Structure formats: structure tokens, C-alpha cells
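There are structures below to look over.
Each of the next two complexes has subunit A plus one other chain: subunit B in the first, subunit C in the second.
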Partner chain A sequence: MPPKRFTWYNGIGLTLALIFALFPVLWMISTSFKPSNEWVRQPPVWVSGDATVENYLTVLWPSALLEKRGGLTQYTEGGEQKVAEQTGVGGAVGDILNKSAWQAIWGSVILSVFGTALSIIVGLMAAISIARYRFGGNTTPFFILSGRMFPPIAIAIPFVVMFSDVGATDTYWGLILAYGAVTVPFSTWMLKSFIDDLPKEIEEAAMMDGMSRWGAHLRITLPLIKGGVIATTLFIFILNWSEFLFALILAYTKVSTIPVQLSKYFSATEGLLIGVQAALATVSIVPLVIVGFFIQKHLVRGLTLGAIKR
Partner chain B sequence: MSENLLEIRSVSKSYGKTVAVDGLDLALRPGSLLVLLGPAGAGKTTTLRLVAGLEAPSQGSIWLEGHDVTRWQPNQRDLAMIFDNLALYPNRTGYENIAFPMRLAGLPRAEIDQKVKAISSVLRIDHILGRLPATFSGGERQRVALGRAMVREPRMFLLDEPLSSLDFMLRIELRTELKRLQKEVGKTFLYATPDYTEALALGDMVCVILNGKARQLAPAQTLYDTPADRDVARFVGNPPINLVRGELGRAEGRAIVRLGALNVPISAQAESRLPSGVTQVEVGIRPENVVVQKQAASGAILGRVSDVEPLGMHTALGVDLQGASLTATIAGEREFEENQPVSVSIVAEKLMFFDLITGRRIGG
Partner chain C sequence: MSSQGRVAARGFNPNDKKYIGGLLITPIQILLTALLVFPFVLELILSFSEWSPVQGIGLWEAVGAVFTEDLDQGINYSVLITEEPRFLEALGRTALISVTSLVLEFLIGLGLATIFLKAFPAKRVFFTALLTPMMIMPVVVGYTWFMLLQYTGPVNQVIGWIGGSQPELQWLNTGFLAFFAVVITEVWHWTPLFFLILLSGLNAVPQNPIRAATVLGASDWRIFWSVVMPSMKGIIIIAFVIRGMEVIKLFDEIYLLTRGGPGTATETISLYLYKLAFEDFRLAYAGSAGFIVLIITVVLINVMLRPIRYQLLEKR
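This part shows the complex of A and B:
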């Protein structure tokens, strides 16, 4: 069958789908540049005529903002409300606005990178033993997934108890373990599907040719499912990057993440600091977009073409 | 020290409740070619995988050159296997596929290159060495898989239906080539196939495997002429053997077997070998031993042609004999038509008798 031509109605469909998917992102970016009086307004402000980078400064470089204003004064409609001069006199809001989000960004990077690595390593070994050795029969793969069948909070609470017993709360290693544990079901199942697609005879041929089992898995199978591993890694990374619940209840002060930080931009007088939230959220998608752009050519299947006769 | 290269000693393999191989005993001398013949699911592939070490037997042991290798890993056994789906490395070129086992063995680059070149010219695949398997034709894939196996000079070769999905001409060509290679290099082959003609063409010895059991180990022609039991008889030969219920008796002082309305005399020799007291038997008649004639002949009975199937060199006829139906093969061109009345007789010396219950052949 010859490839179908791209027609105008395909174009319309695609455009509608793109608008639907991207509008929230565009709105977020637009909001991140709005001054506070434009955050919530009827009719809505589509693109601010009075664009500002203050939201970004609040997130990334609060001291610059402080200097610019001659003291931290923020987000009040009528005049100046001194929130903080030097230390967090103004309470919780002052604290959060005094401090940049870098700790949270750094926390997200560490937890996502190492949590994802842990999840992929454990998931890959589990996937190989299930797909190739039928480890645990028919039920184990199902029970691995069962951890995701409860509302996450149901698992999070036992985590709190266990973590405080072993002193893992508010530590990077504790949260990395937690992130790995809750994403392993997904990485196992995704990687298993890629391994299942690969005829096991290719590995066995390598063993006959003189390779050990481990060698065959790592040096034959792994390169052939590279695209699948990359796709799974990206997926798990996104899950970890956007994880909120565990970071909220297992970390307090030493460890923080972007989603937790987002939830803290709240002022007693003004409610949600929407513009600041939008600025941090926009910052947080940048690395994912860059990484996604560079690896998209690897996100293909069909590497096994020609290995076997059909 | 045993003089057999391979010994399979009462090996069984079951997966849960399914028994794939059931108490198999086999021995192979160095330099021989043994064909495992059996239908899909008979246990041929499992047998090869057990020998290869890709599966561990549930019971029994496997011996190579006098060593018990039952617990050895595949890479310790020094065997080469050609899988039924060939299993080339899709991300490596033809050259790299063939060179791979030697690279693992750590041979010097120059030696690898020389060996790949040598084997490629034998297999006539020089022109595809630089390409990826996706671009190969079926025959080229086959040859690369062969090359990858042969370049290593392993203890023995395990071939799992390697020619099964090739087209007919190529299959015959590669079959001949395989046999020639086997004789030339003097290596031991264990070759699994579901195709009787392939077994006949290739094998010194053929082992028929049915339901995980070795039913008969014999030269191919012997399988055809004197099968050990009903199932082997049915599996070997095309068109398949006629199996008819018969009753042993006597008529006019001679031993006969009654096949419906047809009385077929039995030679005194055959009769003497039949156990006494047996009256009900299953009679096997090869299609070429059913004689179909246009004119009535003595000892023949009347029937009607129900089906005519030209097979080139000969023609398969379905014949209705008052209820019973037989298949006959006749030489030459088509001289019968459907619904034509004919007379049918049977070559008595070639009858086979099988026990009704056990299915084993009786009467020698």
C-alpha cells in the first residue's frame, strides 16, 4: 500500500489535537510573564501587555528582586506590605519568597535521575527474568503491577511509618528508594513488552556462539531493545519529575522537589501565587523538552527486522 | 570412554503437566547424521534444546564425549545450533554475524577475516557480507546462519528445521549442499525435520519421534518398509498408508485377511509369523500396493473411483470398495476418471499388520 497523502482534513484534525494538547502549556507560559494583577482577570489576558520577569526572579533569583525593590515587598494590591527585611519575619510566605527554588530544582534533578536509574535497573532485571525464564509463573508480573492498583496515598502512609523507623525521611537516599519502588511496576512491564518482542533465539544463538547468559542479555538483548529502554527511561523520568505525594509527606526541609515547591507558593492574603507557580512550572519543563527533542529519533521500534524468518 | 559423541540417557522434559520429551534414549557416533523426524509438537525442538543446554532436562542425563554435561551451560558445550527461525543478529552485518563466534573466542583479526572469507565463498554469500540481515533473501539468511555455525568447528551441529520455510527449489538445493558439507567436514549432525522426504534424502539414520517418545530408529527406507507401529507407518509416506480393520481367517485352505468384502490371501511365510489366536487386526496397505485395473481380474473386487489427484510422476486415486475406501497410487498419466467402475486387488506380500490396541506391528 502506498503511503497516504497528507490532506487538508488531516491538517485540521492535527491542528485541533495540538491546540487541545498545547493550550495549557501556552497559557502557563503566558501567565508566567504576567504581573500579579493580570493573573486572574475577566476577560482573560491572553498575552500580557505589561510583561515582566519578576515571577522568574522570585523563583530563581529572589535577592535581585529584593534589591530592585529595596526590601521584599510583594503581591499586595494596596501599597506596600513589608514582608521581610532580613530573615523570614513575615512568616511562611516570606520564607518561601525569600528563598529561591534552586533547592527544589536540584532535589527534583537528583531524585528523578537516581530514582529513574534505580527503577530501570531493577525493572530490566525483573523484565528479563519474567520474559525469558518465566520467573514467578503467571502471577508474579501481575502482583508487581498490583502496587499501582491502590490510590498512592494508601502506600504512602506505610512508607512514612517505615521511613521514620529507619531514618530515611527527608533524605535523598530514602526518596530515591521510594521513587524507584513506586515506578518499578511500570518499568518492568514496559521493558518486558520490548523483550517479549525480541525472539529469544537471538540470545540463545549468542549463548551457542560462546556467550554467557549475562553476556547474552546485556550485550545482545540490551542493544536490540535500546529504543524501548530509552522510551521507558523517559516515561519513568517524567513520572518521577512530576511526583508530588511522596515528596510532600516523606520530605520536610532538607529535601524538596519542584512539585512540592509549587504547592508552597501560596499567600495568606492573595491565595495562590499563580504567576510564580507558572514561572517555576515553565522552568521545570525546559529540561524535559530538551531531552525529549534529542532522543526522539531513538523512540522507534522495529530493530529486529530481518533477524528471523517469518 | 564411550565411543559415542552424544548420548541422551532416558531424558524427560515436562513443562507443568505437558510432557514434551518422554524417556528418550539416543546415541550418535562421531561423523554421523541423525534425523529426528516427527510432526510439529512431537518434541524434536525440545530434544535439540536439551542437547544444546538451552533447557535443563526434568530427568535423565546428556553426555558429550563421555562427559556428563547435563548441568553445563550452552557456551560450555561447544555445539552449534541453527534455529528454525535462524536468529541472525539483526543489528550486525552478514560479515559480523559470521565473525561473531570467533570474536567471542578472541581469535586474531586476520584469522577471523580469512575464515569468514573462506566460508562465504563455500556458501556463495560473498556479495552480502556488508549488508544487514533485513536485506537478505530467505536463502541468504539460511546460508549466513549456516556460516555462523560452521565457522566455529564445534563438536556437533544441531539443526532445527533449518529449511522449513524456504521455497521448494531452494530447499532441495540447500539440502543437497548440507549433506555434501556434512560429508566433507565429517562433522556430526543432529537434524530435526517434520518432512519425511527430507529425512529420506539426508539421513543415514532416522529417529521417529511422536509425542515425545522415540518410536523407531532405523534407516529411512526401513521406516517405510517395516515401520515399528501404526503411527510411524502413518507418518512416513505420501500419500499416507491405508489403514483398514481386517479379520484373519481361512478360506479354501489358505490363510486370508478379510477387508470388508475383499479377501486377500496371506503368504504362508507371513502367516507363520502372526501370533496365533489373533483374529482382529489393523491392516496397513501402502497406496502403491493397491492395484487398480479397468478390467475385472481374478481375486479382484469391484469398486468405483471417487477421486483422482495427479501428482506428476504418478496419480493418487481414491477408490470406494463397498463402504471401505482406499488410496492407490498408479504410475503414469491419467487414465481413470471419477465414478469410473474399476477392479481392485492388493499385493498380498506387502501387507502390514498392526495390533488393534497397542498399534505395534505384528507378524514381522
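This part shows the complex of A and C:
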């Protein structure tokens, strides 16, 4: 359509959309700086008058918080009782707070990095096979895609049975395999769309000059789709970083991830640790927003399986 | 040279087309056979048993449970369909949530996309800001809306400002409102994707028919419905299919938001299966429900994919 004039009601619509899109995020960030007595209050506190970083300390550096308070009392039963002598922050919840935030962050990093690597390597090989050799005709791509078609929970029970049979529950390698398998349909399809964009003739020309097929793939195609591979890697990283269900059912104590940790923050005495959760949530979306910003123009391609390339 | 020729003749030429194609596809086939086909078969077997974790959670105990004597092998399925309405209700609810959310996402996304065809200041900044919800992980989305929709949360406060008095809206504890809470959360999260897809579609609409229609005196509305929308058909179908594929899996957000509650008011099929298996530990029963869901969704998605199947495969 030829560009029409921007009217006042367009402006109102846009403003409302902007508020709708950003308010929840801003609220989460604001909550992460609220002291515990402002977490649930009537009327709600929009921006805390005495903002604190204690929620972040609880998540990232509990020992510093402990020192700062001269013994942390907030999350223990029995009111003002001090627990500085204990190794932990205190109590059963203290245990969770103490080890798990970093355990969860490292868990998320390890699983996302290696799960993504597995997904990209396997996906890239499959993508070349499908795009250049049409291996398996039209059936194989849709067989691969069928891994994304049903709710993953529908297959969770046999997963748990299989995983416990080979001792893969609560291990990094088991979850890396699961993460890889869950995201490999996306990486295959997205990489395939990048390879499809590249004329086959370039490879054929290289082979005419005496290069082997392997050489043509590795030294001609791969460097030319480098940008696409990077975009796909970051996209798969986002998916793995957000993965919740498999970590929830296959990880118990030794392995944890940020999404699982987020769903578990509560204390026996104070109920939900709203501010602490908000702090961890804020920390966890930082890499997503940064990565997402960089691959903004590839997001549609990834999420639509390469059908829309812009 | 002669040795190379002999190897090729025996089909071992590493430069052979078929050999490379097959070799490259092998890893994904192994991965998906182990983690997709095998569980699928195992679930089918399990669904005909009355196996419970008490009998041991190993593979052989589970498979062995099918061959227990005096077992009515179809019992799980008949209970699911005829005796416990919760399963069918969850299926219906998932469909209702999916359709409501997708329609809202489409309408809002389309509205925003048409605004972005026009020129206005700081367009790039607005564009990036509007995409933010899409980048945030589902668990955090669920959690954020959990905070916002608290009884004492800002949503109630704002409604109070507009309505004049503090409303008594228990968003997450009232069946009807909890349903809307889930829809709002889903719409917030994924409208940006509809917006992006529809905007790229609108930008690709051919301009000449529009100019022709304008010259012939068609109204804006008429041009939109008769010229723009028809050429957007393919892209709209893609948007719905791709989002439909994801929305029927809806789990993470609801798990944080309401856990399917109150009662079963927001219990989608994923949440129902989770509760059956990991809270009630009725594993064999959950297996049969899972198997039905698997078949339904895979068939449904394949039917939905049909119109765009070749669009997805075709090279451009």
C-alpha cells in the first residue's frame, strides 16, 4: 500500500501496544529491586522508594548478603533468630538459595551451550543432506519436524523410563541429549533454508575445478552460510536457554537450570520469594534480549522453519 | 587409479552422492530414533499395562507389566474416553485457549503491522521494543504475569483507577478469569511474532494492483479486503500453522501462572498429562492419554501443514 498518513488513532494504538509490551518487563525489573516488605502490598508499589540489591545478592552472592546482615534471618523460621554460624543462608530454603542459584545458572549455561552444539552439528549435517542430496525425499524433513508437532510432555513417561534405565536422569549428558533432540528439528530446517538460498551451481563449479564433494561442502558452502550458521546457533541457544519441561522431569538435585529454579523459589515462612524470583528472572533474560536483538532479522526465519525469509 | 575404480564399483567411494547423503543424515536419524521413535513405541506398550513405579522403574519391569496375567489391556483407553471426562475436557480447553489466543494475536498483530507501513518518527525503536515479549522465556513470562495479576497487583489497581473503586478480581483464583489470564499471557508473549510475519507479508504485497485499484476509485477498506488480503493468504496460513503447532503445547506459562487451577479451569492437555504422570504417578494411564494426544496432534499438524507443505520445501 502507498504510505498513508500517520493518524492520531494510530498513535494511540501504538502507544497502548508499547505499554502492553513493555510494562510487564519493567514491572519485573522494578520488583527485583524491592525490599521484601514491598513485594505484596495494597496498593502495589510501582517503583520502590528504598530500592535494594539484596534480591540480586540472594541469587548471585548469598555469602555477601549474609555478611552484610551479620547473619541472615529473613528466610528462617523463628523470627529474629540469627543463623550466621550455619554454613548456609539458613533452613531448608537457605539450602536452595545457597547452592542452587549458581548451580542453576551453570546448569543452564552448560546445557544450553552443549545442547546447542549437538543440535547444530547434527542439524547442519542433516540440512546439507536434505538440501543438496534430497535424501529421503520429502518424507525425511517432515519426519524430523514431527519431533516438534506434539506436546513434549506426551512422551515424557517413556523418556523417564528410558533415562532412568541407562542412568541418564539428573546427569548433564542425558539432558544435553534431550535438549539436542528437542531443538534439532528447528536447527535442521533453519540451516536448510540458508543452504537453499545458496545456488547449487557454486558448489558444482568448485567440483568442476577438481574439488571433492566434501571439500565443496566444507570449504565453499560452509563459509558462505557462516552468517546463517551463527544466527541459527544463537536462535537454538535461545530455545535451549528457555527449555523448561525436560529439566523439570529429568533433573532432580545434581543438575538444575534457571527455569526450574525460578519455579521453585519459595520459603516455608514467607511463601513465594517474589523479589528474589524477579531478580533471577531479570538476570536470566539479559542474555536472551541481547542475543535476540542481534538476530532480530533472522527470528522470523527461525520461528517459521525458514518459510518466511524477509 | 585402478584401485579407486574398484572401490567405486563396490559402492565405497567416499565421494559418491548417495553415500554422502546417507552418511550426513545418519546422526539425526540415530538421535531421533533413540529419542523419538523408541519412546513412541515404548509409550504404546506401556499404555496397555497397569504398570506403576512400584514395580520398578526400569525398562524391563515397565515392558513386563504388559504381560501380567488377568489384565484388561484396553482398560486405560476405555476409562479415558468414557469414565473420566477430565481428559476430553482438557483437550477441548486446549483447543479453546489456542483458538482464542491465535485470533487475538492475529488481529492485534495485523493492526500493528498496518501502522508500521506508515512513516512515523523513531520507527526502528518502536519496532524493537514491540518485539521484546517474544524474546523472553516462557517461564519468566508466566511468572511476570503471575505478579501482575495478583489480587494486590497493578492490573487490578489500574482497573480500579478506570472503574472508580478497587475491583474484587481474583484473576488467578476464579475459573473464568483464570482462563482469560492464560489467554492474555499467551497473547502478550506471541503477538510480536504475528506482527513480524504479517509485516513482512504486507511489505511483500505487490504495489501495482493497489495503484490500479486506487485509480479506479476503490476505497481503502475495499483495497485491503480485495487486493491486500488475498495476496497475504499464504503468509497468514503459515503464521497460523506455525503458531498453532506451538500453542497446543502450552505448558510453561500456565505451570507458573495457575498450575491448571483453580480446579481444572486452565488445565491444558500438557498440564493434565504432567499432573497425571508426575503428581498422581498414574504412569500407564498417563501413557495412554499421552499416546492419544501424540496421534491427534501429529495428524492435526500434518493436515494443517498440507497447504504450505511445498512452500516449506520449495527452494527460492
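We take it that the second predicted complex is superposed on the first by the 234 of 310 C-alpha atoms of A that agree within 3 Å, B and C clash if a C-alpha of one lies under 4 Å from a C-alpha of the other, contacts with A are read in each partner's own complex, and residues count from 1 in each chain.
The rule is short, and it goes like this: a contact is a pair of C-beta atoms (placed from the backbone, for glycine too) under 8 Å apart; a residue touches a chain by one contact, two chains touch by 3 or more.
None of the values given here were measured: they were computed from a predicted structure.
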Per the overlay, which chain contacts more subunit A residues, subunit B or subunit C?
C
Name the contact category of A:Leu222: first (subunit B only), second (subunit C only), both, or neither.
neither
Counting only touches as set out at the top, which of subunit B and subunit C does A:Ser212 meet: first, second, both, neither?
both
A:Ile230 contacts which: subunit B (first), subunit C (second), both, neither?
neither
Per the contact definition in the header, classify A:Val109: touching subunit B only (first), subunit C only (second), both, or neither.
neither
Partner chain(s) touched by A:Ala117 [first = subunit B, second = subunit C, both, neither]:
neither
Now for A:Val53: first (subunit B), second (subunit C), both, or neither, which partner does it touch?
neither
I'd like to know which partner A:Ala64 touches here: subunit B for first, subunit C for second, both or neither.
neither
Which partner does A:Glu204 contact after superposing on A: first (subunit B), second (subunit C), both, neither?
first
Give me the intersection of subunit A's contacts with subunit B and its contacts with subunit C, in residue numbers.
212-213, 303-310
Touching subunit A in the complex, subunit C uses residues 14-15, 17-18, 20-25, 27-28, 31-32, 34-36, 38-40, 42-43, 46, 57-59, 62, 108, 111-112, 115, 117-120, 126, 128-141, 143-145, 147-148, 150, 152-154, 157, 188, 192-193, 196-197, 200-202, 205, 207, 210-211, 214, 220, 223-224, 228, 235, 238-239, 242, 245, 248-249, 251-252, 255-256, 269-270, 273-274, 277-278, 283, 286-287, 290-291, 293-294, 297-298, 301-302, 305, 308-309, 311-313, 315-316
Please output the residues of subunit B touching subunit A within their complex, sorted ascending.
52-54, 73-75, 79-81, 83, 85-91, 100-101, 104-105, 132-136, 138, 141, 148, 152, 165
Once bound in the complex, which stretches of subunit A touch subunit B?
199, 201-202, 204-213, 220, 223-224, 303-310
Could you pull out which subunit A residues touch subunit C in their complex?
1-6, 10-11, 13-14, 17-18, 20-25, 27-28, 31, 40-44, 46, 121-123, 125-126, 128-130, 132-136, 138, 140-144, 146-162, 164-165, 177-178, 180-181, 184, 188-189, 196-197, 212-214, 238, 241-242, 244-245, 249, 259, 262-263, 274, 277-278, 281, 284-285, 288-289, 292-293, 296, 299-300, 303-310
